[in-house]
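Written below as structure tokens is the structure these notes are about.
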Amino acid sequence: MDSNTNLLVVSAHAADFVWRGGGTIAKYVKHGAHVSLVILSYGIRGESNDLWNIEGQTYDNVKKIRRSEIEEAAQALGITDVEYWDYQDYHMQLGEERMERLVRKIREVRPHDILTHGFKDAFNPDHETVGKFVFDASVLSTSNGVRIDGTATAKQSRIFGFEPHQSEISDFKPELIIDITETYEQKLAAMEAFKAQKHLHDYYDAKARLRGNHARRVSGNNQYKYAEAFSRFFPYVGGEFV
Amino acid sequence: MDSNTNLLVVSAHAADFVWRGGGTIAKYVKHGAHVSLVILSYGIRGESNDLWNIEGQTYDNVKKIRRSEIEEAAQALGITDVEYWDYQDYHMQLGEERMERLVRKIREVRPHDILTHGFKDAFNPDHETVGKFVFDASVLSTSNGVRIDGTATAKQSRIFGFEPHQSEISDFKPELIIDITETYEQKLAAMEAFKAQKHLHDYYDAKARLRGNHARRVSGNNQYKYAEAFSRFFPYVGGEFV
Amino acid sequence: MDSNTNLLVVSAHAADFVWRGGGTIAKYVKHGAHVSLVILSYGIRGESNDLWNIEGQTYDNVKKIRRSEIEEAAQALGITDVEYWDYQDYHMQLGEERMERLVRKIREVRPHDILTHGFKDAFNPDHETVGKFVFDASVLSTSNGVRIDGTATAKQSRIFGFEPHQSEISDFKPELIIDITETYEQKLAAMEAFKAQKHLHDYYDAKARLRGNHARRVSGNNQYKYAEAFSRFFPYVGGEFV
Amino acid sequence: MDSNTNLLVVSAHAADFVWRGGGTIAKYVKHGAHVSLVILSYGIRGESNDLWNIEGQTYDNVKKIRRSEIEEAAQALGITDVEYWDYQDYHMQLGEERMERLVRKIREVRPHDILTHGFKDAFNPDHETVGKFVFDASVLSTSNGVRIDGTATAKQSRIFGFEPHQSEISDFKPELIIDITETYEQKLAAMEAFKAQKHLHDYYDAKARLRGNHARRVSGNNQYKYAEAFSRFFPYVGGEFV
Amino acid sequence: MDSNTNLLVVSAHAADFVWRGGGTIAKYVKHGAHVSLVILSYGIRGESNDLWNIEGQTYDNVKKIRRSEIEEAAQALGITDVEYWDYQDYHMQLGEERMERLVRKIREVRPHDILTHGFKDAFNPDHETVGKFVFDASVLSTSNGVRIDGTATAKQSRIFGFEPHQSEISDFKPELIIDITETYEQKLAAMEAFKAQKHLHDYYDAKARLRGNHARRVSGNNQYKYAEAFSRFFPYVGGEFV
Amino acid sequence: MDSNTNLLVVSAHAADFVWRGGGTIAKYVKHGAHVSLVILSYGIRGESNDLWNIEGQTYDNVKKIRRSEIEEAAQALGITDVEYWDYQDYHMQLGEERMERLVRKIREVRPHDILTHGFKDAFNPDHETVGKFVFDASVLSTSNGVRIDGTATAKQSRIFGFEPHQSEISDFKPELIIDITETYEQKLAAMEAFKAQKHLHDYYDAKARLRGNHARRVSGNNQYKYAEAFSRFFPYVGGEFV
């Protein structure tokens, strides 16, 4: 990852990109990669429980708060290119027009890697919808019969999937474990931005430690303290074993 | 892969390392890596059908021929460090003494990567036995309570699995597809060494083309012409997406 | 397969029926079966990359070329009953009206066997959509509460699934391997009709050889030279082991 | 199960709740639980084959008969709270409005347990649609950003899945086997209500005996004579092994 | 199946061949096939619970009774070629000498089809051991480097797996459902021979009815009343869809 | 769980019963159940890395230390009935004599529940061996043809599997999540007994918090703070949903 790398992150709700990939994203930024972040929804209906517990809460106010939290978290991770598509969540409806919008985005960003939700996520139907949506858009982006004005066909991006909240019952297998020791403080800061979800700070702190333990066990490298796990959508292709 | 890389290849029978990984092994050699090859058996009982079709064939003569073929194939790939453990095949019996021998070997070679058979291989029980055997030895090699004179505990090697002959009914998933375009001629020459198995030359030539097509489709890189596929025994651990 | 056999083939795009089942279909025709072919789309958006690389290409011209290629391929295989439903591809939208159209078709053809796409096909969302669409239509066709003027309820057809392009990552298992040695020349001729996709001629030629090798290994029958693999949607039912 | 227990049963078609869970539901009623039954469709198109075999049959007449059968079956099981949502079946279309209706229902009933169709059911696409629909509704019911007038957020219900008709090819695993010996006569009576489906009486009688055998074998308890099997949508959570 | 067909049945214990395949075996006999039956053990330790409940029971007496039951059952099915290998069960130990004995048997019988236990059988470790043992023997039988005096290399037999007692938790999928209506009376008679296991008569009667229902549903053929289900060890290979 | 409950715990190595089930075991003890603990090995070769790092370490000294740690941990959990079978680990060899010993133990303890290792545990072949060993022994214990002097046939115990260290790559699914909030202090104390494995204290503390989060999310019960996850070897059988 360096200044030639383009990474596109597609997050279903406000905070997904932080809990599930914040440390890794921050590393890409730190090492000079260009990171584009698309926030599909503010998670107003499905992932703002604590905000709605406040008497007199309104839809618009929740949106305002979540927007501000995302901005703070993105800043903590060093991400400067953020788009808010403001779709309704729970359940997200992603028709052909939205598909074309994402295909256009992929053709503009021309990402080497895309980071988004995997195909299965127990208890979170939106995440499953988004995983399929992004994958399909990536396939369409490579087909030059899919004509979109002002865009040129892209090469197939690699796609990596976030770890879902409850990994095992979502059939998640950690196919890549990425060391995030050097940006872990940034991830903590980004998590802090989501003030209403404090129980998740502890949760993802514990998770990062577990994945760090796995990274050490599997590699024999004791420098790894904190890590994030990801799935991949198709095989590694390259010139040597990795 | 460079002169700091140690690759240990464990082949159940005479020709497995060629059909299933010859192109990749040749790349490691070419780029300066040290490659150690262990041939567990000559495949006399189970993988020398064509030789046994010759009237008056004997066990010792089959062994002699197979030994000579392996030497020729190893030379074609550039491998100079070969050990012949001469175990009986079909079915291979791998008890504690043989386990200790392999643990010792791993501790001596200290391979970064091990290449051997995966856990499942329809129609080839020996391959399954060897996959488990090598994996267990790699675990034991890292445990300093497993005391073997003159050896020091190793770090956990990464382990990669050969593609079995019939991939789908062996539940094989190509987790890594390695481009072998630059050493493909060497692989063809190595295959030629096994004169009695000509039908397999065509088979693995066709396979290398299919995997090359997959490599191009998945990566968008049209330089890939020939490829070999492998499984991995545990997740990738590292600093960035690969 | 004989003159009492009705085979219905449902192909998502222009050439799917050739790459994935051309040899088998030709055998059915050759042995007197009635084969009905439904081409759901011309694959204009998703499977005509090479045509779109030509400067000044238009949607209508791609359609014209693909139509002509299909006609030539069908002729090579001996298929005379072809329908072109001309749906848009990438992504195919198959609502209730189209479902009813296919139910009607099944009730008219009354196929013993249906050949179409399996449920999973990595990199090709249309194929997955079509597999589910055809299966559901086959179920509806047997239910006499699904009232469609001028049709009578059909018996449940057997359904067989094409091998997807990348079999393993599509979770494809070859449940039937059909020998196509006697019609292999016809399949080659049919593939030639798709002039813009020459790289696939080699690919499916290599694939037919691999499947032929598997057929020989599994059966011990050395007459099998070329073969095609298929999945099945539900168990074999009959009077003896097959 | 006692008078503090609320069980919500969601049945895709007229008779599903009887074949697949009648004995267990009757036990809940018998032990004082409150059981709410939602019949999504009368199964007019897809599960009334025998009625449509009668000359001159009409849609309205089938509906009338099925309604009367359901009432009789519910009575046999002791269920008094039944709603008929009268959606069209084969294929059931369950959009956002219907989703909100079910979320409202869950928030009103506040069920501890929900019983409905599992995610996979070969030969019955409606069952799969309904399983996903109910699961999603249960998730939405717990989210207080999903604002529905006059309702309060519910706690996550446990969800159990019916055994599909052909269990193995539907990937069904019996995760719970519930003894229904004490209500088996009621189940038989409820099945009798569906006069046009006599072949299924025998089928589900045989099934109950098989599951009884499994219950005895697994538990060593020979009191179990008849049983029903179910899947669960997420892990058991509690204070001790069960 | 006709007088050119050789079927080899390998049964782990006394009655397995009856419960799991009696109807199908009887059909082969009836239609003139040659059926060879190998009974590996009398099931004295693991499958004679009821006999051991009799006061003063002895090992030799259980063996005598089971032998006589097998003879009666074999007669009911029309099998005349039975071998009793009298191995101890629970747990069966199948070393190299026994492997060679089975390889020899396969080379003598030269079966087109082998019927035995599948690879997974919850609650019955012997069945799993035998499934692997028979499969491995079939592979060795085809290898002409496996030299056994007086035998000639065999062609690869097709192998079919019995349905285990608890199918779903044994990951059993019915890949073939064989109609046994015409020999069902014989199967009932054969089951009667095992007087101490009456609860299993009812169980396998119920099972045959369920599988008959599945056969009708999948095929639309209402002649099927009773059926047995089997798995297959590798794909169907042949000239047309079945 | 009360004074009528017998729980048998079979631990492959010194500390497995603590990391993976200490909180749950302590609950059983606390509520009056009788808990029998069998320690198959001291884990001298495979799980005492830190002890062997001490210069001049000996086999006997490691054994002494581990014995003392187990005693301290058992005391912290309240377990008084502990047996040390002192088998060699890495790899554990469990032949027929040891099998008979465990069958005898099961028949003596007559456990309602057995807690041991699941069938799959990446990086730990001993755990897999032990899982299969205990399962087979439980099956043999119920068979009255398995004659062991002085023992009477047992009823089939329920068997629960520990969570392996790396759950996902071991295909572990949490089928039961047991709240251990009330005994969590005891578990911490028991972990402290294993002084040389401090990195695991943190690991299993983090794990208990994650499982507590899952328990809350799945149940809606916010009392659950710490939890342990387990698999089950066969379905739940009982009178109502759990």
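Read from first to last, the chains carry the letters A, B, C, D, E and F; within each, the first residue is number 1.
Please note the rule applied: a residue touches a chain if its C-beta (ideal position, glycine included) is under 8 Å from a C-beta of that chain, and two chains touch if they have at least 3 such contacts.
Molecules present, by chain and UniProt name: A, B, C, D, E, F = PIG-L family deacetylase.
Bear in mind the structure is a predicted one, so any value in this text is a computation, not a measurement.
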- With one step meaning two chains touch, work out the least steps from chain C (PIG-L family deacetylase) to chain F (PIG-L family deacetylase). 2
- Specify the chain most distant from chain D (PIG-L family deacetylase) by Cα centroid. B
- How many degrees of rotation carry the C-alpha atoms of chain D (PIG-L family deacetylase) onto those of chain F (PIG-L family deacetylase), rounded to the nearest 5? 180
- Query: Taking each chain's centre as the mean of its Cα atoms, which chain lies farthest from chain C (PIG-L family deacetylase)?
  - Reply: F
- Mind checking the centre-to-centre distance between chain C (PIG-L family deacetylase) and chain D (PIG-L family deacetylase)? Centres are C-alpha means, answer in whole Å. 37
- Item | Centre-of-Cα separation between chain E (PIG-L family deacetylase) and chain A (PIG-L family deacetylase), whole angstrom | 53
- Task: Check each residue of chain C (PIG-L family deacetylase) and list the ones that touch at least two other chains.
- Result: 123, 169, 173-174, 214, 217, 234-235
- Message: Taking the touch definition from the header, please name the shape of the chain graph: line, ring, star, complete or other.
- Response: other
- Message: Let me make sure I understand the interfaces: which chain pairs count as touching?
- Response: A-B, A-C, A-D, A-F, B-C, B-E, B-F, C-D, C-E, D-E, D-F, E-F
- Spell out the residues on chain B (PIG-L family deacetylase) that touch chain A (PIG-L family deacetylase) in their complex, using ranges where they run on. 1, 24, 27-28, 113, 115, 142, 155-156, 158, 160, 173-179, 214-215, 217-221, 224, 227, 229-230, 234-242
- In their complex, what parts of chain E (PIG-L family deacetylase) are in touch with chain F (PIG-L family deacetylase)? 44-49, 51-53, 62, 90-91, 93, 122-125, 169
- Note on the structure: Per the touch rule, the chain A (PIG-L family deacetylase) residues reaching chain F (PIG-L family deacetylase) in their complex are 123, 165-169, 172-174, 199, 202-203, 206-207, 209-210, 213-214, 217
- Note on the structure: chain A (PIG-L family deacetylase) partner, complex, touching residues on chain D (PIG-L family deacetylase) are 96, 99, 135-136, 139-140, 143-147, 234-235
